[in-house]
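You will see chain A twice below: alongside chain B first, and alongside chain C after that.
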Partner chain A sequence: MNVAALGAAELRNRLHGDGLVYRVGPYAVRLRSSIDQVLSAFSCLYADYPVEPDDGFADFHVYVHRPQNLRRWYRPQAIFEFDGKVPFKPLPFSQSYPFFEWGLNWCVSNHISNHLIIHSAVLENRGQAVVMPGNPGVGKSTLCAALMLRGWRLLTDELGMLSVDDCLFAPVPRPVSLKNNSIDLIANFAPEAVIGPRCEDTVKGTVAHVRAPADSVARAAEKATPRLVVLPQYVEGANAQLIPLSRPEAAMQIAGNTFNYSRLGLQGFATLTRMIDGCRCFEFRYSRLDDAIDTFEQLLVGGEG
Partner chain B sequence: MPPVLLVNILRNPELCRSLSLREWDLLIRQARRSELLARLHHIFACNELIETIPEAPLLHLDSARLIADRHAVAVRWEVKQIAIALHDSGVAPILLKGAAYLIGELPPCFGRVFNDIDIIVPVERLGEVESILFLHGWASYGMSDYDKEYYRRWMHEIPPLRHVKRKTVIDVHHRILPRTSRSQPSSDKLLAAAVTLDEKTGVKAFAPIDMVLHSACHLFYEGEFDHGLRDLVDLDALLTEFSSRGDSFWSDLMDRADELELLRPLFYALRYTRDILGTSIPGSVSGGGVGTSFIGARWMDSLFHRGLMPDHASCNDSFTGIARWLLFVRGHYLRMPLRLLVPHLVRKAFVEDMKS
Partner chain C sequence: MNSGTHRWSVLPDTVLHWYCADDETLVYYEQAGTTHLLTATSAEALRFLEYNEANIGELVAVVSQTLTLDVDGDDEFFFLMEALVEQLQKLGLIEACAH
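Then we have the complex of A and B:
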């Protein structure tokens, strides 16, 4: 059963009550929230996600709620709880939904050690996974949303989970977070895209999430082999241009974009270099999404056979 | 009070064979909150139970264990740096608690994660040690002038020192309880009995008996019990290990507690390791005779049996909140006379809160 099949009333009951347990890739999340924005965004963006039995095991217990003090009314806030502990300061109430998504990123990146966690978007097409690490603002999420809306399978837009056992990416396909101008850009690029509520004035500016394709959610148990590392850079007016990058340089770039590289020690290094050895690596400058997608399609052809 | 699954498993790890996934869910959460996840992995591994654990909870146990093992490597290296820094001064740092267990490879070290490295040095060398550590990159950080002054005047340690590059934190102690504490165990006696842990670096730790007493004193003079159960597990492991090394352990322990004015915390340590974790302690040993009435003991039981449980919703009853608060007040009261405590708590509650 998926979230949509629960029906609005039951979804509300569970979020308000002991929580709804849903699955995203390897993880079961128990989400509780009494906040309408979380309920409406969740029912819109998570319609296709499997619901897990209520009496099973949940990896992360998450609760987003309003404080029981003055800040319930005066400049209202939202609180994120990880199983009863509050790891962050509250955020403005209007950011309740993105707070849930950011908080869940923290849960995964702080508690999971059987994967090297790379701050990157990862997508797959024809058996080849492309890893796009990058600092905020380089256009990684925009490119990620565009590719997935053109049929690439979404593994993640934020947390690339590279297994230390088999060096494959485990999909954790969650809604893709867009910022500022990217939101309209993607809405125009793919009018069929389902985009959740816009939250203004966050630390990242205006934020909205795009629903992950149903196919990506359905195939969340299918791991993918890393074949391409692409460091994107949005450059206004630029033609799409791939610049080959040496493997050591690519490895250093990725190491600087991981959450737990040093925590994994030698195992982190071994996993990273093993991945890089199987990848072609590029820097990529672009300004037009259609050009970018053509370039990525051609890269796939180059990697076949 | 509700029975606590984590405690049942600590007492009898074999019970994990019959846990439902729902119970595993609860166990992992209670253990995470108590900072006992990696320890639990160690306990299951010692009992050859890892194979029986379902995949989903095992992921969290494995992850915690990996972090703990990595942490151990980092702490060993950091301790070496401290020893190198202090080498020329001739002050051999005496490691306390977590770092001592790790370098001494004592049973509590397996799967134990801690934030700071605690050392103790002779009070007359304190200034020198602080300057040397400063030259090697450890400096006090992010604390208000009021807090720094508070540490220096009243506490048993100087303000924590953080390494500018690695961000590791050292707490440098000169005694084991605050200057203002009602009980004043002699630092000279503790330091004089310290033993060398590692010939190469020269780092030391308290003698086994003193280590137990320090652990007990640390736990039962504390006001906050976030790691109460973890600390009790430490005590259980220390008592079990040291009592197996020699017959005179228990009587030596009692004598030393008396000498150091630490009979009361020892009494609690023995009472609650036995009551809660089932630690094997001879019936004749209780640390009793310290003037606790029957009613007094029952009353403290009702507080500690709550305070020492995981600070998790599943372990609470309607009295838990009050019990924790009373223990908090008690901890402060034992460490500071009221004429100092009240202004301090008022300031903490209002002035600092308004600043943040």
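Then we have the complex of A and C:
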């Protein structure tokens, strides 16, 4: 059963009650929330995700709620709770839904030990996974959304989970987070995209999430083999341009974009170098999404056979 | 410190892990948990110092032979090696030998 099949009333009951347990790739989340904004965004963006049994095991227990003090009414706030603890200061109530997504990112990046977690988008097409590491603002999520809306399988737009055991990427296909101008850019690029509510005045500006394709969610147990590393950089007016990068240089760039490379020690180095050894690596400058997608399609052809 | 007159080696009990591709090298220094990107010249110098002591002149000879570089009488390569050795020292990968 998936979230949509629960129906609105049952979804509300579960979120308001002991929580809804749902699965995203390798982990299960128990989400509780008494906030309608979270309920409506979640039902829009997570319709295709499998529901786990009520009494099933959950890796992360998340609760997003209003405080019990005056801030319930005066400049209302939202609180993110993880396993009964409050790891962050409250945010404005209007940011309840993105707070849930950001908080869950933190849960994953700080509590998963058997994967090298790379701050990157990861997508797959024709058996080849492309890893796009990068700091916020380089155009990574925009490019990721565009590729997934043109048929690439989404593994993640934020947290690439590379298994230390088999060096494959575990899909975690959650909604893709867009910021500011990228929201309208993607809405125009793919009018069929399901985009959740816009939340303004966050620390990142205006944010909105794009629903992951149902096929990506359905294939969340299907790991992918890394074959390409592409470091994207949006440059206004630039033609799409690939610049080859040495594998050691690419590995250094990735190491600087991980959450737990140091914590994993030698296992992190071994996993990273094993991955990079099977990849072709590039820097990539672009300004137009269609050109970028054409370039990625050509890269796939170059990696076949 | 005049690095040219000293003998150099990795720190005692150092364990290094290597990854080489595309004419560049990554080295992981296990004790410090640090990763460094090295050029071919730096990598060959460090590889030698992993199991040997050497001064700059000896490193010039070993590295130029390994990389088949014709540097006979070329002071620039000596000075380059001196600079590389200082960088490796600053990264905490090597030290001047006590004697």
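In this text, the second predicted complex is superposed on the first by the 305 of 305 C-alpha atoms of A that agree within 3 Å, B and C clash if a C-alpha of one lies under 4 Å from a C-alpha of the other, contacts with A are read in each partner's own complex, and residues count from 1 in each chain.
Throughout what follows, contacts are C-beta pairs under 8 Å (C-beta built on N, C-alpha and C of every residue); 3 or more make two chains touch, one makes a residue touch a chain.
These numbers were taken from a predicted model, which means no experiment stands behind them.
Novice: Does chain B (first) or chain C (second) touch A:Ala255, or do both, or does neither?
Specialist: second
Novice: Name the contact category of A:Glu222: first (chain B only), second (chain C only), both, or neither.
Specialist: Neither partner.
Novice: On the A-aligned overlay, A:Thr273 touches which partner chain: chain B = first, chain C = second, or both, or neither?
Specialist: second
Novice: Is A:Asp291 touching the first partner chain B, the second partner chain C, both, or neither of them?
Specialist: neither
Novice: With both complexes overlaid on chain A, does A:Gly265 touch chain B (first), chain C (second), both or neither?
Specialist: Touch status of A:Gly265: both partners.
Novice: Using the superposition on chain A described above, determine whether A:Ser246 touches chain B (first), chain C (second), both, or neither.
Specialist: After superposition on chain A, A:Ser246 lies in contact with chain C alone.
Novice: Of the residues on chain A, which ones does chain B touch that chain C also touches?
Specialist: Overlap of chain B and chain C footprints on chain A: residues 265.
Novice: With touch defined as at the start, can you tell me which chain C residues reach chain A in the complex?
Specialist: 17, 19-26, 28, 30, 33, 35, 37
Novice: Applying the document's contact rule, which stretches of chain A touch chain B when the two form their complex?
Specialist: Contact set of chain A toward chain B: 26, 28, 55-59, 61, 83-85, 111-114, 263-265.
Novice: Using the touch definition up top, name the residues of chain B that touch chain A in the complex.
Specialist: Checking each residue of chain B against chain A gives 20-22, 24-25, 28-29, 32-33, 54, 56-57, 59-60, 62-64, 66-67, 70, 73, 312-313.
Novice: Residue numbers of chain A touching chain C in their complex, please.
Specialist: Touch residues, chain A against chain C: 246-249, 251-252, 255, 261-262, 265-266, 269-270, 273, 276-277.
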